[in-house]
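My structure is below; once you've seen it, I'll send some questions.
Residue numbering begins at 1 within each chain, and the chains themselves are lettered A, B, C, D, E and F in the order written.
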Amino acid sequence: MQRNPISATVDFDADGVQHGFLKLPHSHDASAWGSLMIPVTVARNGDGPTALFTGGNHGDEYEGPVALFDLAATVRAEDLSGRVIIVPAMNLPAFQAGKRTSPVDGGNMNRVFPGNPVGTVTEKIADYFQRTLLPLADYVVDIHSGGKTLDFVPFCAAHVLADKAQQQRCVEAMAAFNAPYSIMLLEVDATGMYDTAAEEMGKVFISTELGGGGTARASTVAIAKRGVRNLLRHAGILEGAPEIGETVNLDMPDGRCFISSEHAGLLEPCVDLGAEVSEGDLVCKIHDPARTGVAPVIYKSPIDGVLTARHFPGLIGMGDIVAVVAVRV
Amino acid sequence: MQRNPISATVDFDADGVQHGFLKLPHSHDASAWGSLMIPVTVARNGDGPTALFTGGNHGDEYEGPVALFDLAATVRAEDLSGRVIIVPAMNLPAFQAGKRTSPVDGGNMNRVFPGNPVGTVTEKIADYFQRTLLPLADYVVDIHSGGKTLDFVPFCAAHVLADKAQQQRCVEAMAAFNAPYSIMLLEVDATGMYDTAAEEMGKVFISTELGGGGTARASTVAIAKRGVRNLLRHAGILEGAPEIGETVNLDMPDGRCFISSEHAGLLEPCVDLGAEVSEGDLVCKIHDPARTGVAPVIYKSPIDGVLTARHFPGLIGMGDIVAVVAVRV
Amino acid sequence: MQRNPISATVDFDADGVQHGFLKLPHSHDASAWGSLMIPVTVARNGDGPTALFTGGNHGDEYEGPVALFDLAATVRAEDLSGRVIIVPAMNLPAFQAGKRTSPVDGGNMNRVFPGNPVGTVTEKIADYFQRTLLPLADYVVDIHSGGKTLDFVPFCAAHVLADKAQQQRCVEAMAAFNAPYSIMLLEVDATGMYDTAAEEMGKVFISTELGGGGTARASTVAIAKRGVRNLLRHAGILEGAPEIGETVNLDMPDGRCFISSEHAGLLEPCVDLGAEVSEGDLVCKIHDPARTGVAPVIYKSPIDGVLTARHFPGLIGMGDIVAVVAVRV
Amino acid sequence: MQRNPISATVDFDADGVQHGFLKLPHSHDASAWGSLMIPVTVARNGDGPTALFTGGNHGDEYEGPVALFDLAATVRAEDLSGRVIIVPAMNLPAFQAGKRTSPVDGGNMNRVFPGNPVGTVTEKIADYFQRTLLPLADYVVDIHSGGKTLDFVPFCAAHVLADKAQQQRCVEAMAAFNAPYSIMLLEVDATGMYDTAAEEMGKVFISTELGGGGTARASTVAIAKRGVRNLLRHAGILEGAPEIGETVNLDMPDGRCFISSEHAGLLEPCVDLGAEVSEGDLVCKIHDPARTGVAPVIYKSPIDGVLTARHFPGLIGMGDIVAVVAVRV
Amino acid sequence: MQRNPISATVDFDADGVQHGFLKLPHSHDASAWGSLMIPVTVARNGDGPTALFTGGNHGDEYEGPVALFDLAATVRAEDLSGRVIIVPAMNLPAFQAGKRTSPVDGGNMNRVFPGNPVGTVTEKIADYFQRTLLPLADYVVDIHSGGKTLDFVPFCAAHVLADKAQQQRCVEAMAAFNAPYSIMLLEVDATGMYDTAAEEMGKVFISTELGGGGTARASTVAIAKRGVRNLLRHAGILEGAPEIGETVNLDMPDGRCFISSEHAGLLEPCVDLGAEVSEGDLVCKIHDPARTGVAPVIYKSPIDGVLTARHFPGLIGMGDIVAVVAVRV
Amino acid sequence: MQRNPISATVDFDADGVQHGFLKLPHSHDASAWGSLMIPVTVARNGDGPTALFTGGNHGDEYEGPVALFDLAATVRAEDLSGRVIIVPAMNLPAFQAGKRTSPVDGGNMNRVFPGNPVGTVTEKIADYFQRTLLPLADYVVDIHSGGKTLDFVPFCAAHVLADKAQQQRCVEAMAAFNAPYSIMLLEVDATGMYDTAAEEMGKVFISTELGGGGTARASTVAIAKRGVRNLLRHAGILEGAPEIGETVNLDMPDGRCFISSEHAGLLEPCVDLGAEVSEGDLVCKIHDPARTGVAPVIYKSPIDGVLTARHFPGLIGMGDIVAVVAVRV
C-alpha cells in the first residue's frame, strides 16, 4: 500500500494542546504547488483513552463544526486524562463551499471509505483516517446533521453490530451522549461509510443527526456541546459523570421506515418533525408546480411511529426520501 | 409606453373558476420560439372586491406557493362575492430553480418595480403586475418567507405610510390575517419593491414572512392557509368572520434593529428565533473556519426585544445581516 | 448620439474586392485590450445599387454563413455593377459558439435593434448596422434558418408593410430569390428586429428560413447560394436574369398558425415538414418522460394548411411553439 | 462481486403489465437521500422468449424513447406469448438533460460495460443490465439514432461475430426489423459497448441508427414502431409475421469508410444522406470561420458507396468524423 | 438623482486614522440581506489638501492594493497636514475574485463612470466615487498595472487635457510620483473612465501601469510605495520633498503605437519590455497551435520606440493588442 | 494490457520530416465520433540516437511549445544523424484551454503516469508515452515553466537517481542544455510523474523550468531554443558542439527549501527571483484583503540561498508554496 501524502503539523504523541493542520498536497489550476490545510487540534495529558471527534464529514452540516471549533478553542490539557483529537471540518473543501460533497472531486466522504492514498482528494483524506487516525482512537464520534436537504429530530445513533459486546459499548456511549433522541439507526446504504470503517476496527463508534437544513440552532449547538463533553466524561478523559436528561429511544425495524417519493414537485408537509403518526396518516402532499387547478399527490405513513426525518427543500424530486418514521421503543 | 408582451389565457372579467397562464414570449438558446408560462387562477362570482394573492416573488420561499396552489385547487366560485386572482409563482424561473432570483436574468423581482415592458424577463413580469394586475385589485397579499438565507418568526406585516387612512386599512388587514406575529416592518431598502408599487396605488397591501431556510413546515403552511382565508373573509369575498387567535405585536423603531456582520466565518447562533433578548446579550459568535485555536468574534444585541429574524446558513459572509431584534408593542 | 466604437478595416467606397473586419474594442477578463473582429467583404465596381447580405444574425443558423463565406471567396469585382457588402457572421460571438445568442452578453441580435453605441456588445453591433451599414444599402438580405431548436421548410419571406409600394418591391425580391417556398411572414414579435429596422428605412428587405436544427444540408446550401445570386441579378448588380423554378406561396393569416405547447416532455411528431394537414389532424404527441404507462397529451392542427415549421429538439418545454401551419395561397 | 444497489419496483416474473422503476440510490448535494428512478415496463404472458428493448442509451437520441414509451403505454399482456421488458431511457440523467452522456458523471453508457456496482452512476446502471437484465433476455434490441452531432440514413444493424450461427440469428432479426437500410456495422471502437456485452452472452442482438440531430421525425418514429413490432413477431412473442418492405443492404469493409476531419471550421456539406458517391467525389468543404476571402479545405470520398452518416452541427472540429460511406451489397 | 445606497462606516471629516467600510447593500441568492464591504481608511490632521488613492479598479492588478493596504496600516495622522482617503480595492468583488471585472455583474469599473445609483453593483460604486469621494479630493491617484492579460514597463501617466494649466499640474504630479517611466498616455477608449471623471472635475489626476500579468514584484511594489509617498510630499500632505530618481519620458503620438493581432494562436514574443525597437523590427510571431510544420505569422513594429506594453498570456486571440511601442521624448 | 486507442498518422521509422497527429478517439457531447488530434513531428535521417521533446505537459507553460513548434517548422532531415520526435503540446486539451490541467477530465499529465489505455483521456495519452514513445527514445527532454501560478529563475534540472551512471548522463545533458541555472531538483511529490517514468526506463532525462506566470518572454524562449539545439548536439543528432555559457549550479538539500503559506490573502513579495537571501530575511508579507488597518503576516527564509521560485498570482491561498530557496553549489 502506498504512503498517504498527508502530513500532520502536530505531534499526536506530545502532551499539551497543539493546533495545526493535516496538510495534503494538491496541484491544481489555481495553485500548481498548493495544499489543502485541514485544521486539527490534539490535546493530550499522559496515558489514557483517545477520543477522535469529527465534524464536516458532509460540508453542509454545522452542529459538529461549531461544537468542535469551540472545543478546540477551549480544551485544556490539564483537565484531561488521555487524548482528544479534533477535526472539525473533515471534508474541508466541502465545508468551505457549504456543500455535502467536495467541490474538488465530487466526493461524498461518507461513501469512499476505506479511501485510497493515490486516489482523489476525498479518498486521500479517507485513507488518512482509515490508516492513521482511526487506529489511534478508542472512542470515535462523528457529528452529523441533515445538511441542506434533510432535517432530523436531534438524535445520537448506534448501529446493530455482529459483535454484541461492541454494540453494547456503542449503545452505552450513545446513552452517555444523551441527545433528546437515541436511535438504533438503519442505514440506507452502509457501503463506504466512515461508521463501518470505525466499527470494523472494533472502536466504540457513535454518530448523530442533530438538526439540518444547512444551518445550526442555539438549541442544537447546545446538544452537540453537551454530548461531546458527556462522551469525554463517559470515556474517563474528562472527570465527572455525564449530565443525563431525558431521551426518547427509537428503533428502525425495517425499510418501511423510509417513505420515498415517486413524484417531483412542490412539497407540502402535513406533519412536523417529532410528531406522532399512525399508519395511514397523511404525511405530505406534492403539488404540480407547472399549473394550477390540479389535485396534489398524497403520501401516507406506512407504520405507527415518530416523524424522525424529512426532506428539507421546498421542492422535491422523484426518488427523494420524503420522510422517515421511526418506532418508539 | 410600449405594450407588455404577456398575454393571459384566462379572462379576468368572466365568472367562474379559470386556470391558465400568463404567457410571456421568451426567445433563448434552448427555444427560439419559447414562452414562460406563469400559472394563474382567477375565480369570480359577480361584482365585489378583488383580492390579488402572490407567492414566489422570491423563488425559494414556499409557504406562499403551497397555500396558493392549494387555494387555486380548492376555491369554488359559488363561495365568493367578488374576485380572487392567484399567482402562486410570480417569479416563475426563480421558483422552478428554487432560487431567490431569476436564473434567466438574475432579476430580484422585489427590486425591479415598476418594471419595463421591453426590459428583462423579470422586468416584463413586474410591468405586467404594475400596469395590468395591480389596477384590478383592492387587496394585495404578497406571501414571503425567509428563503434559503434568512429565517423569521412567522409574521404578517404592514408598513408606515404617509396616508394614515390607508395605513390603517393595511393594519386592519394584517390583524385579520392573524399570523402569530404582526409587525410594522422597516425595510432595508424600499426601492423597486412590489410593496411600494401597490401602496403607491392606494391598495390595501400586506406581506408576510412565515419562516424560511428554503423549506415550509406543516405549522407555517397552516398559518398561510388560515391567513389567506381570513383575509378573504375580512374583505367580504368569503362569508363569515376571520378566525382570530393571539398575535404578538412588534415594531422596528430604527436601524439598530439590524445586527450586521463585519466578519466571514462559521456562525454559532446563541439565541433562537422568538427569544427575548436584552441589550448586551450575546446573539452569536463567528468562528474562523480556517484554523483551530482561535477565539471567535462575538456579536451582542444593541437593544431589548424579540429575536425576529436571523441569518440561516451555517456560514456567514461579511456584511450579512446576522439577526433582527424587534420591539414588543 | 455617441460615436459607435466599431471601425472597419475596409473602405466601403473603394472599387475592387476587399476582405477585412469590423473591429469592435472589447475589454474583458481574457483580454484587457481585446477586440471582436467581425469578418466583412466589400466588392464594388463603380456606381450602382448596393446589396447588403448577412448571415449569423443568430449564431446557430448555417445556410447563410456557408453561402456568404462562399460568395466572399468567389466574388469578382469585374462581374459587378454596383456594390456588395457581405457580413457572414453578424453576431460573431454567437456564431463562434454555435449558439442563437451571444455568449458575451446573452444578446439576441434580432431583438436589440436599433442598438446602442454605448450598450452591450450585441447592441453596439446592431447600432453599427443601424447607423452605418443599412444606410449604404438598397437591398438587404438576412439569411436565417431555424437554428438548433426550430426546423422549417425552406422559404424566402417578405412582410406585410404599410407602404404597399415598398411591400411590392420586397415581394418581387422574394420571388427573385426563388426559394422552394415563399411566404408572407407573420412575426411572433417584431420589436427590436433587424427586419423592422431595414423596412423602416424604406429598404428592399427579404429574409429566409432555409432549414434548421443547427446544421446545413447540401440541398439547402444550394438554395441559399442560388437565391443570393438571383437577388444580385434581380438588383442588376450581377448580369442576367434570376434562375426561376417552382415555389409554393404561403400565407399566415393570423395567430392560429402557431401551435404552442402547454406541456413539457418527450415530443413525438406525427407529421413531417411540408405535409398537408387539415383542421383537427393530429400534429404531435407529448409523452411524460418520467414514467411509463401514461397516455401522451395530443396536439391537433387548428386550421388547414402546410406544416411549415416545427420544434426541433426531442424534448419540448411548456410554452414552446410545437409547429406552424401556414396556408397555401 | 458486490451487490448492485438498484432495486426494481416491478416483478420480472409476474404475468400482466407492470409499470415501475429501476431505483438507484444517489446521494448528492441536491438530495442527501435521493434516488434515480429509471422507468421500466415489464409485460408477460406465460412462458416464452423474452425481448429486452432499450432507448436512451445515449440521451439525445429520440426514436427509441418515443417508440418505447408508446409500446409501454399500449402493450397488452393478452397479446403476448412470453415477455417484453422495456427501458425507454436507459441513461436516465442523460435523457433528462438531452445530452449524449450523463450530466451526473460524464458517463457514456455505451463505453462503460460491463459496468461496476460500486462505480459511478452510469457504471451501476451498466452493471445492472450486465448481471440482471441481459441474462433474462433472448432478444436484445438497442435503439439508437445519431444524437445531436451525427445524422444517419435509417438503418438496423448487426455485427460480424465469431459465432457464425449467432451472427446468422442476428442478421435474421435485423431483416425482420426491416428498416429502410440494413447494415453489417463496423464499430469505431467496440470496447465497453452494450452490444458487445449482449453478444458475448450469446444473445440475439440488433441495434439501429434511425436518424439523428437530436430530434425525431414522424417518418423515423414510424420505422422504429414498426421495427419493434416486427421483431416481436419474429421472436414469436406477438402473433403474425413481420411486415416486410424494401431494405438497402450495406456493408462497411474497412476503415476507409470513415472520412475524418483534420480542420476545424464551418462545414459545407456537398452531398446529402443516402446519396450515391464515387471515389474522388467532393463530400464537403470546411471554411475558415475567422475571415473572409480564404478558399475552403476540401474533403473527397475515398471509395464508391452510399453516404450513410454525416457530422450534423454546422461547425466541425479537428478529428471529427465528417461522413461515413458504406458499400451496397 | 436618487440617493446612492452606499453608507460609509467612517467619518471623512474627523481627525485621526479610521479604518472602516463603504457598505453597499446587495441582495442575492447567497444572502438575501447581504452587503458588500469595501475597505476604506481615512487619515486626517486638520485642514489641508486631500489625496484620494485607489487600487483594485481592475481586480487583477496588485501593486496598488499592496501599496495601499500597507499605507493604510502604517499611516499616522500626526505626520499629515490635510487628509488621505485610501480605497485599496475599489472594485471589491473583482479584487476578491482576482479578475479584471466584477463577477457580480461583469462590470469593468473603468468603463462605467459616471455610474448609476440604481444600476448594477459596479455602477453604484462608480456613482459613489463620482458624487461623494471625488468631490472631497484635490489629488486623485489611481494605481493600475497590466492585470492578467497585459504587462507594462512601470510608468506613471498623465493625459493631454484641454485645460493646459490642469494638464501641467497633472504632469508635475506625475513627475513627483517618479516612476521609472513617465508617459503622456493615449487611451484606447476614454469613455466611461474614472480618469475622465476626475479630470472633468478639474482634479489633479495621475494613474500608473506598474507591471502586470496578475502579480506584483518586490521591485514594482517599491515603485508604488515610493510614488505614493512622493505624491503626498508633492501635495504638502506629508512633509519633505519627493525622492526623485531617473525617469524615461515617453509619448504616444498616434494610434500606430498599438500593434493589434489579426490571428489567434501561440504567441512568441521576439523583444521584451523596455527594449528599443526600430520600424520594421520583428515584434512577435504567432504560431498555429493546431498543427506542426506551419510557418508562423509575423508582426513588426510600425515605428521607432520603446516596447512599453505587451500581451501577457501565452495564447493570443484575434483583435488583441500584441504590443505598444511608445516614443522617447 | 489493453491496446492504446491512439493511432499516429506519422511513421516513426521513416526517414525525412513528417508532420501529423497522435489521434485519440474521444466520444463526447459535442462530437459523438470525435478525436483529439495531438500534433507531432518526426524527423529522421538514418540510424542514430532518438531524442523525444515535449512541451505542454502542463497546458499553461509556453517556452516549450514555442521552441518546439519552431523546431518542428524548421528542422531539416539532412541536418540529422538519428531521429527527433517532437510533441509540442502533450496535454493538448489543457494547452488549448491555457490551463495546467485538462478541461476534459481534470487530469494533471505529470501526476498520472504510467497512465491507462482504458482510463481517462489524460491517462490514455500518458499510456501512449509510457508504452509507445518513451521506448523509442534515448534522450527525453520535457520543457516546463511555472505556468499561471508559479515563476522560476530559468533552469534545467536533473534528479538524484539510484543509478549513479544514469544520473551522471542526465547531469551531462543538463550541462549541455546550459540554461542560466542548473539544478539538482527535489520534487514535492514524484508519484505519477513523466520524469520518473522516463528515468525508470533508464533514459537520459532532463526537464526545465524556464519562467512562468502563464507567458513566455523573448529571453526565455531564446534559452529554450538554444537548449534544445544544444541537447541535439550533445546527443550527436545535430553536428557540432553545444554553445556553452555561464550557468549557476543549485542544489535543494531538503524540504526546508520550500516556504509554504498558512494564510490566505494579498501577497506582497519582498525579494525577487534570483536574489540572494540569508536565513531570517523577509521573503514576503500576506495582507488581510478584507479590511484595512491590520498588520500583515510575515514569512522569512529558513536558509541561505537563491530565490529560485515563487508564487505568481497576487492573491495566495492557505497551503500554497510562497517561495523556494535553493542553495548555490
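One rule holds in what follows: a residue touches a chain if its C-beta (ideal position, glycine included) is under 8 Å from a C-beta of that chain, and two chains touch if they have at least 3 such contacts.
Quick caveat, the model's predicted, so the values are computed rather than measured.
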item	value
Fewest hops from subunit C to subunit F - one hop per pair of touching chains	2
Selected interface, B-C versus A-C, where C-beta contact pairs are more numerous	B-C
Proportion of interface numbers common to subunit E and subunit F (over half same, under half different)	same
Centroid comparison with subunit C (C-alpha atoms), farthest chain	A
Centre-to-centre distance between subunit E and subunit D (centres being mean Cα positions), rounded to whole Å	58
Inter-centroid spacing, subunit E versus subunit A (mean Cα positions, whole Å)	49
Whole-Å gap separating subunit D and subunit F, where each centre is the average of the chain's CA atoms	43
Shared interface positions of subunit B, touching two or more other chains	21, 37, 60, 148, 262, 290-291, 313, 318
Pairs of chains satisfying the touch condition	A-B, A-C, A-D, A-F, B-C, B-E, B-F, C-D, C-E, D-E, D-F, E-F
Subunit E to subunit C touching residues, read off their complex	58, 60, 99-101, 108, 111, 146-150, 188-189, 191-192, 258, 260, 262, 311, 313, 317-321
Subunit A-touching residues of subunit B, taken from the complex the two chains share	17, 19, 21, 37, 39-41, 60-62, 65-66, 69-70, 72-73, 86, 88-89, 95-96, 98, 148, 151, 213-219, 221, 266-272, 275, 287-296, 312-315
Of all residues in subunit D, those that touch subunit E in their complex	262, 264, 290-291, 318
Residues of subunit A that touch subunit F when the two form their complex	2, 5, 21, 23, 25-37, 118
